[in-house]
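Input: structures, listed below.
Shared between the two complexes below is chain A, which has chain B as its partner in the first and chain C in the second.
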Partner chain A sequence: MAIHRQIRSFFFHALVLGFGLLMLYPVFWLLSASVKPTTEIFTSKGLWPSSITFEHYSEGWFGLRNIQFGRFFLNSLILCVVAVIGTVLSSSMAAFSFARINFPLKNLFFALMLGTIMLPGHVTLIPQYIMFHKIGWVDTFLPLMTPKFVGDAFFVFLIVQFIRGIPKELDESAKIDGCGWFTLYFRIIMPLSLPALITAAIFTFMGTWDDFFGQLIYLSDIKKFTVPLGLRLFLDSSGSSNWGAVFAMSVLSIVPSLVIFFLGQKYFTQGIATTGLKG
Partner chain B sequence: MLKKKTIAMYMLTLVLFLAACSNGASNEPDKEGAASQATGEATTDDGKEIELRMSWWGADERHEKTLKVIELFEQKNPGVKITGEYSGFDGYLDKLNTQIAAGNAPDLIQLGGNIKEYVDKNALLDLTPYVGDILHVDDFNGGLVKAATFNDKLYGVTLGVSSTTLMYNASMFEKAGLPVPNENWTYDDFKADVIQIAEKLGKGHYGSYDLSSDAASLGSYLGSVGKELYRDGERHFDKQEMIDWFSMWDELRKAGAIVPADVQVASPPTAVDKSLVVKGEVAIQSASASQIFGFQELTQDQLGLTVYPNGPAGSGMIPPISGQFITSYEGTKHPEMVAKFIDFMVNDPEAGVILGSTRGVPPAAKIRDVLAAQSTPVDKVLYDYISLVSNTAPAVDYQQFPLDNEFTKLLQLTSEKIAFNANSIESSVDEFMTETDKLLAKAKAQ
Partner chain C sequence: MQKYKTYAAGYLFLLPWFIGFIFLYLSPIIASLYLSFTRYDLLSAPQWIGFDNYKTMFTDDYRLGDSIKVTFKYVLLSVPFRLAFALGLAMLLNQGMKFLGLYRTIYYIPSLLGGSVAISVLWKQVFDKEGLYNQGLSLLGIDGPNWIADPHYAIFSLIGLSVWQFGSVMIIFLAGLKQIPQELYEAATVDGASIFRKFARITLPLLTPVIFFNLTITLIQSFQTFTKAFIISGGSGGPINSTLLYSLYLYIKGFTFLDMGYASAMAWLLLIIIAAFTGVLFLTSRYWVYYSDGRD
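This part shows the complex of A and B:
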């Protein structure tokens, strides 16, 4: 029996491992392409390069005129940090009021807020651009940062679901001890919804880090470029592209997302499991 | 009591938010103010700063060279500042469309074959008033000027010339023990070469891509048998030519000499990272001549360019066409400076040397002469080729098939039906002819 179970577990693990490696293949391919000589990238079939070169990395990092790739990383990072702070702060406040405070037309507002999730981004794109152009914010980070401070419907919903799972008795005992709404929000509910907040933070970080279109539309000056825009500088669909540099910089651009994900992984899975949402 | 405190807290956070927002906002009007001030000064003509924006797409080589030309122009024209807004092609047009909708498009815009679309939107500046005086195009091939002229108004200036042609992998010809094709080769030579390469190099190697679906290849074939794809609202070929065309490819397909349909769909020749010519598995494909830079960079095999084979009526080559244009936004505040810069980009020898062939072969003959003297091996392949076509291509005024996209799709569909054995050549061609006539009728009705 024990042996039987061991064999089963062996096969199970082998299967899972094999499947995992299969899913990782594109990543390995990317890694290998980033250290191959340019002429080999698309011609050699194997993953193992005939000779390892790091010139793509230095080419990608230092190769652009007037600017280093590090600047794009810095810009992306600033944008992401502000976006995360903005989203977590505003969404959690909105979520708290929807979950715990009774006010007139609450359900209507909640439904309206959910409705904005259904609205495709393309519909609002041009009006939004015109608005930001009139204010004079085009080619600054503001059109990308400010909206994060007025909440994101999806994360409000996620956090509302989570807060609803926290026992109301906690609120009541806190109120009896003399707690006001703000203290209740800040001292009681927020620490307890940490997993949901971290989930929102990670999603926002990754979403902002990988966002290409919004950043493309609003940023024009190369000094304000972010990583996704920087990567496209090497690519020209109609002519020559510096593939080596693209792959090398792509490898580097994955790193921050990976680090953030692994740091918050514990909370991340908890946050998703307890709100009953699928990532 | 408690309630009051809470409200106070809310107020406080609200104030903080507003402060954060307004802080950002107050920075911006300054910048805007400065910009409008600058333009105000420029219009007073007292030699102060003129600020222009220029957008283009490309890869880093093009960015670097274009920026160098901008710097050179700024040096020669003190008081002018040109800001480059550059990116890859992904999203380039989306961004441009958004900017045009908001009235915030750059003064100088690089466009491709879609220039007409923007002329129709009234987004581009009519450059005619500046021609001859500031902007010189008399040195250009007339067809190139015509390509950007709509309703007798010039909307753009060609930045580079290219031509759809055959690109071949010379190393594969060598391995098969064959001489590389020259400008005198015929369709019989082509067939013989293709079959031999496939035979000698063995399984997984093919002499050519299946070009029966390629509109440019078809156009040149029709020219070589004394017909034409299109002229003045009519097609100038018949069913028999189409049957001959598809039969020739079918014969090669059955001989295993050209890429089978399923492989061609998976590795289309148009994408440089998928092309089997780069991988040394297919010897011939059709390509835009200037693409050879991108292709050559990715392989150690030697690549070359040649004209389409000759037929009974000689060469059917299509003369060089314009790849990219520089245009100006209709709302620019400094049209004269814009025209001056455009002229600088295409006619100044120094600028020409810096730009090289980053956007195709330069349209001005005098710049080409300067460049030919100092070219790299790949450059030389391209220049030699462009001179070759200019010499061999018959002096026809080539007319683009109207509804070009739909025609290309129709041709592709017909070719795939035959290649996948879904339909006989005879009935596929019947269908093709009916659909082509429908397209022509539709184009006339427009």
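This part shows the complex of A and C:
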């Protein structure tokens, strides 16, 4: 009986693991193609290269005239850091207000906020673009950064849910000790909401890193290009003539997402399970 | 007095959100509705043309017709398959077994990376005539087509990419499955119920709220898919409009042809389509979504 169960369990794990690895096969292939000699990329069937070369990486990095991939990474990084700070700060402020302070029309505002989650971005896209165009912000980072400072409904909701789980007695005793609302927010509720804030930060980082559409619309000067735009430009300009370099840059472009994911795994699972984000 | 101080604090903390709501949601929505009745190219002032944009959409614009067909095909195939895969894997992983964390990670990685330009680039290669997918098929003795270049098949490469990203939905299902009381299964086992019966009578009904949630979210997201179609078709939606997802066509109209009035009208049509789908889901939910806490 025990042996029977062990065999069953073995097959079970083999199946689950095998299927998972099969799914990831394209990603492994990408990784392997990026270090294979050019002649081998499409001819050899196996994953393991006959020799490992990093020339695709240097070809890709310096592959565009007048600009290097480092610039794209720097731009993306700046954008992401600002987006994370803006989103976490503004979303947590709104969440604190919704979760802890009573004021007229609160329920209406909360409903409106949830409504914006369901609204397809296309409806606001064009007027937003026109507005940013009118004030001369197109082709700067501002249209991509400023909207992050007004909070993101998804994360407001996530943080509200989290704050509601913090005992209200803390607020009472803080107030008796003479804490104002700001001190309560900044010194007590924020530190206790750290897991939710980290979740919001991680998702914001990844969302901004991969936000191809917004960056495509607002940025046209190559010096301001981000990683997704740079990668697309590189694909268009060298494309089939140098797949190895395109693959190498593709690999580099997903490294930050992977690193953040592995560092913050437990927050990820929580965040997805609460809000259904990302996907 | 104290009361008003509290109100003031509440509004103050809400101020950034409120400013955003006014400038990034409320006024753009109104402006977008207005623009949809105009011709506007950013350079000259918007010109009121009544329902002309909508008339053109329904009578003249065959590309829009193609685009809507392609988008429906994409949504109606990718959403059910993505959910089915996610549920199947979630049930498999929910056996309380070892290495759950590892497996969850493995299956989540495609979701994590799937929206990036890099994966779309890779996908272009995977579904090439000589690509990975056809290499796999050739092992089975099948000679696959050139998925990306053949208008009959191109959309399936996008659907495949979308289904491949089932990991995040799976994690939500896993969380839902954990909520189902084990005693129900134990009792059913004592009564001699088969696996299928347990699935149909316990798992599925108790999971309907999560299915409803996933269905709604995935549906809304799928209607707005852009990056995959843009990268894989090189921004054209080709071959012969076969990957011209709605968002891509809206982008082409608005930002390539600078026909902002028409693109706004398209945005409203999309809003109506999405609202219709989610509306049907919400209205029918009382017949098929089961809330165990006694709500209807």
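The criterion applied here is as follows: the second predicted complex is superposed on the first by the 226 of 279 C-alpha atoms of A that agree within 3 Å, B and C clash if a C-alpha of one lies under 4 Å from a C-alpha of the other, contacts with A are read in each partner's own complex, and residues count from 1 in each chain.
Convention: a contact is a pair of C-beta atoms (placed from the backbone, for glycine too) under 8 Å apart; a residue touches a chain by one contact, two chains touch by 3 or more.
Note that the coordinates shown come from a computational prediction; the quantities given were computed from them, not determined experimentally.
By the touch criterion defined above, A:42 lies against chain B and chain C together after alignment on the C-alpha atoms of chain A.
With both structures placed on the common chain, the touch criterion links A:17 to chain C but leaves chain B unconnected.
When both complexes are overlaid on chain A, the residue A:51 reaches neither chain B nor chain C.
Number of chain A residues touched is higher for C, counting chain B against chain C. In the superposition on chain A, A:212 contacts both chain B and chain C. In the superposition on chain A, contact of A:107 is made with neither chain B nor chain C.
Touch criterion met: A:125 reaches chain B and chain C at once. With both structures placed on the common chain, the touch criterion links A:142 to chain B but leaves chain C unconnected. The intersection of chain A residues touching chain B with those touching chain C, taken from the two complexes, comprises 42, 125-126, 129-130, 133, 149, 181, 212-213, 216-217, 232, 235-236, 243.
Across the complex, chain A meets chain B through its residues 38-39, 41-43, 63-66, 125-126, 129-130, 133, 135-138, 140, 142, 145-146, 149, 178, 180-182, 212-213, 216-217, 220-222, 229, 232-243, 245.
Residue ranges on chain C touching chain A, taken from their complex, read 6-7, 9-11, 13-14, 16-21, 23-25, 27-29, 31-32, 35, 42, 92-93, 95, 97-99, 101, 103-119, 121-123, 125-126, 130, 132, 135, 164-165, 167-169, 171-172, 174-175, 213-214, 217-218, 220-221, 223-224, 226-227, 230-231, 234, 247, 250-251, 254-255, 260, 263-264, 266-268, 270-271, 274, 278. Put simply, chain B touches chain A in their complex at residues 2-3, 5-6, 9-10, 17, 20-21, 24-25, 28-29, 31-32, 53, 55, 57-64, 67, 83-91, 94-95, 98-99, 101-104, 112, 272-274, 278-280, 290-291, 293-294, 297-300, 323, 358.
Interface of chain A with chain C (complex): residues 9, 12-13, 16-17, 20-21, 23-27, 29-30, 42, 45, 90, 93-94, 96-98, 101-104, 106, 109, 112-113, 116, 118-131, 133, 147, 149-151, 156, 181, 185, 206, 209-210, 212-213, 216-217, 227-228, 231-232, 235-236, 243, 246-247, 249-251, 253-254, 257-258, 261, 265, 268-269, 272-273, 276-279.
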